[in-house]
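Common to both upcoming complexes is subunit A, partnered first by subunit B, then by subunit C.
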Partner chain A sequence: MSITLFTSTGCIRCKIVKRFLGERGLAYAEKDIKAEGKEDFQKFYVAHRKSIYRGQEGVEFPLLFDGVAIRQGLAAVTAYILAGKGLDGFVSVGTLHQEWVDGLLVSGGDPSRAEEFMELLRYLKGNNMKIRLDTKGKNSHILSRILDEGLAALVVMEVPGPGALYRRITGEEVDPSDLARSIALTPKFPQYQFQITVAPVIEADGTARYLTPGEVAETARQILEITGSKKHPYLIRPFKPESADDPRLKGLDPMAVQALYSYRTAAREYQVLADLGKE
Partner chain B sequence: MKDLDELYFPDGILYYQEHTWAKREGDLVRVGITDFAQDQLGDIVFIELPVSDDEFSRDDEFGIAESAKTASQLFIPIGGRIQAVNEELEGSPGLVNAEPYGAGWLVLVKPYDLTELNSLLSRDDYIASLK
Partner chain C sequence: MTYPSVYPTGVTIYDPAKCWNGYTILQAMEQGALLINMNGAEVQLWKGLHGFPNKLLPGGYVFGSTGQRNPSFGMQDQRDLVQVDWEGNIVWRFNRHEYIEDPGEAPQWMARQHHDFQREGNTVGYYVPGMEPLVDRGNTLILCHKNLKNPKISEKLLLDDAIIEVTWDGDIVWEWVCSDHFDQYGFSEAAKNILARDPNFRPSGGGMGDWMHINSMSVLGPNKWHDAGDPRFHPDNIIWDGRETNIIAIIDKKTGKIVWKLGPDYDSSKELRKLGWIVGQHHAHLIPRGLPGEGNILVFDNGGWAGYGSPNPCAPTGIKSALRDYSRVLEIDPVSLQIVWQYTPAEAGFVMPYDSNRFYSPFISGAQRLPNGNTLITEGSGGRLIEVTAKHELVWEYISPYWGHGLNLNMVYRSYRAPYGWVPQLDRPEEIAIERIDVTKFRVPGAAPVGRLRETVVEGVLPYQGGDNALCVGQAED
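What follows is the complex of A and B.
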């Protein structure tokens, strides 16, 4: 399967990926979209437009295409070269630039692929990238290894809600001790943040309702109980119904910003730095 | 991106605040994007245009122009029915960058009300609006 790598003149992340390919002896065709690859990119774009991610700053580069998959961004492309689809779940297209790399979700991937995920992080860090990791609590053992090796500059932990509601919010089971370990580990990173999205909870009758201020406060209390501190950065974010896959959630009215103030007030009893985050 | 004095704004056409231009050709009006707009976009890789017989009111979105760095909605400077679409752009969207006032035209419109042209901008007024 032949690899085409679309790059852009001056793109440092593209150079990092090219070096990675070279170190593995993998042949590829580079197409610089600002130079000789302009026309090739235009044809590729037309053919694959619906599958190409476009962020705030446009199409994310480097962009790899091997005839089967498209991967974009430093982390996602490197992960795909390293492990094919094996690291899907751990990695998505990042949105940060300059020296930061993100789109890395510790809790999202198959824990049996931990070693490859660690290799990815080591490579990114070794190329002077600052790593932002996200987690929702699973795979705390991987988070612990990342901490031990000093690989992440920033960890953002989304604590979805009180443990008892986790499945009804996320649709997934979680081992409460795994979640607790992740909560305990998060403040040990150089920079960190806890956050909660005021997300819908699916009730027993299948209807959806938003987390209550009391439930958000309970989550803040959980963080206090585990870490012993009330002074963690704790962001409360609104849910975006339009981004939901579940049609029950798509139909919800978005919460007004003013409504979030009661959540912040409730949470501040247990996390005094609780504040409202942007969408 | 170029400085304003490096961009080209011909006489003989009218300009719209949304960076499209309109040129009367008998009872039809040809529409494209200005040199400023194409310069802002960068190398255009895809343009989505309407089809013939689609109808629009002035200021309606009639298409999208996409480059690697941005995607920009296109707003029509005059209401009417689409008579023709520049089909060359499907395979060569770069024509809009190379010849925004010539071969890179976008659509040809049969206007409902030609007097709408009266409220478009002259070359000088459009340039002033960019400063």
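What follows is the complex of A and C.
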């Protein structure tokens, strides 16, 4: 399997990946898209357009292709080099730049791969990157280790809703104590934020309806109860039906911004810093 | 400006036949919300009630606030907005905008209200026939502060302006944030440069940039422009003005976008050049339907110092780049930008430009159109309230007798005239005319009367020359 690494002139993140490949003795062909690799990348892009992530600032680099998989962004590429698909779920394409690296979801991956995930974070931190981690509550034991080693600069915890609705919102089960531990750990990081997306809840009859202000407030109360503080940054975000995979959710009317104010008012009973996220 | 050391306060001029008679509400320095009649009798003081501003409501209610946030941590933040009855009972209160924990102060919810607010039922917060503000229900629009960073403007912390709409029960149901629309304000590159370096940085709270400084906010209401099909003037839309930027703008309530604007610069078209620079203005609003001049914009164009632009001798870094040493009250057709009516030092009878600064308040101030076509003007820095007719005759004047101890000013932020009927608790007062004193003859006790004790004729002297060419300074056109 041969590795092609698409890079961009002057890209620090690309250099970090190249160093990682070199440390592992892995051969690769580098194509600098601003130099000799420009045409090659154009052909590659045309052939694989649907699989390539394009953010607001363009295609994320570095981009790795080994004939099987495409991986983009510092975290995802490094994770793939380290563990193949083993860290899928923990990593996705990041969108932050300069000294920040994101696209790392603590709760998203297989906990049996925790050691490799920790190795990935250590490597990124060791290359002077500031790490933003996201979590939805699972794998609190990994979050705890990350805290102990001081690896993350920022943790964003999405608390999907009251514990009783977790499965109906996310489609997954969660151990309530795992969720509670993650909530308790999050404020201990140098920077942190709690957030909730006013997401659809699947009812027993299979229909979907949005979380209510009371349910968002209940989630805020849960954070207060676990942490003992009502002064956490707490962002309330609108759900984007167009990004949903479930056709029941895709068909929902998007919530108007004005409708979110009642959620904020309700949440502020328990988290006084609750505010609205713009996206 | 020349200001005598000794001058009368209270009501100094009053022509009952020409005035629109009623009560006037004002915030008297370090006293409270003061209600006076046309002869200046202080018929009610809501003692200690702050107001930014105070507004009267039918039934003898008054709007105000219970106090200001410690200025060490916040700038001009009122803790709350309250509605108080005649007996001093708070019948409505809003403060749940932001949870504030200032060092050494009790943690509390605050409204962070400043400069203006509007209760449903009335668009501008003053008397309009047939447009009574609600007193026992309804939503309230509140102009508030919000601290945030916006790298498009500056790397520094900003003291931004926000407008919120709150229900009677205190739920926020709509919000608009000024800096979200930075790209729509039309700042020049020079303005953006100085804004980035110095967004009007003030020391409170460790430093924050009061970059826009919105000081008035009101609803357009039904108007002829919208009736004629111009969507910019939708009745729900909101007009506001920013004192630091010289901007007057209308926002679409649905989208938040700027749909009409004056400023920040006034030299980009023939119409704007004719209008002249509006500098550091206050109280821009659309005269509501039901009042003379309805559909026009009334604004107190302070002059003073404001705006962001290129450095000049009076603004070495480019902040507060526009300067003028007199004020104007302008009534402007918002479509043609023609000045429909104005009250400037010229209309006030002062010789321009030499004596222009006799009508001048570089900060605060306001103007209210009255039902008979008169205008109540708050020339705020000197605590002077005047009522002038459409023909510019001065028919009422009041000077506040209250100076502050913390601030040695008798300033009045903004005053309003209300009908007698809005205060059912009082009998209609007597209206006693006050003739204008002839100041050439008026003397304080102990001073000699006017007139010479001896007069000597000198042969060969010529009569005195008149006209402004006789003076060595510039002329009004300069």
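Here is the rule we go by: the second predicted complex is superposed on the first by the 279 of 279 C-alpha atoms of A that agree within 3 Å, B and C clash if a C-alpha of one lies under 4 Å from a C-alpha of the other, contacts with A are read in each partner's own complex, and residues count from 1 in each chain.
The rule is short, and it goes like this: a contact is a pair of C-beta atoms (placed from the backbone, for glycine too) under 8 Å apart; a residue touches a chain by one contact, two chains touch by 3 or more.
What you are looking at is a predicted structure, and each value in this text was computed from that prediction instead of being measured.
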Following the overlay on subunit A, give me a clash-or-fit verdict for subunit B and subunit C. fit
Between subunit B and subunit C, as viewed from the CA centre of subunit A after superposition, lies an angle in degrees, nearest 10, of 70
Regarding the shared-chain residue A:231, is it in contact with subunit B (first), subunit C (second), both, or neither? second
Which chain, subunit B or subunit C, is in touch with more residues of subunit A? B
Classify the contacts of A:273 with the two partner chains as first (subunit B alone), second (subunit C alone), both, or neither. second
Mind working out whether A:239 is in touch with subunit B, subunit C, both or neither, as first, second, both or neither? neither
A:59 in the overlay: touching subunit B, subunit C, both, or neither? Say first, second, both or neither. first
Subunit B versus subunit C as contact partner of A:38, first or second or both or neither: first
Just to be sure I read the superposition right, which of the two partners does A:261 touch: subunit B = first, subunit C = second, or both, or neither? second
A:210 in the overlay: touching subunit B, subunit C, both, or neither? Say first, second, both or neither. neither
Subunit C versus subunit B - closest C-alpha approach in the superposed model, Å: 13
Partner subunit B, residues of subunit A touching it in the complex: 8, 33-34, 38, 41-42, 45-46, 49, 54, 57-59, 61
Quick one: in the complex, what on subunit C touches subunit A? 96, 99, 101, 109, 170-175
Within the complex, which stretch of subunit B touches subunit A? 43, 45-46, 66-71, 93-94
Given the complex, residues on subunit A that touch subunit C span 231, 258, 261-262, 264-265, 268, 272-273
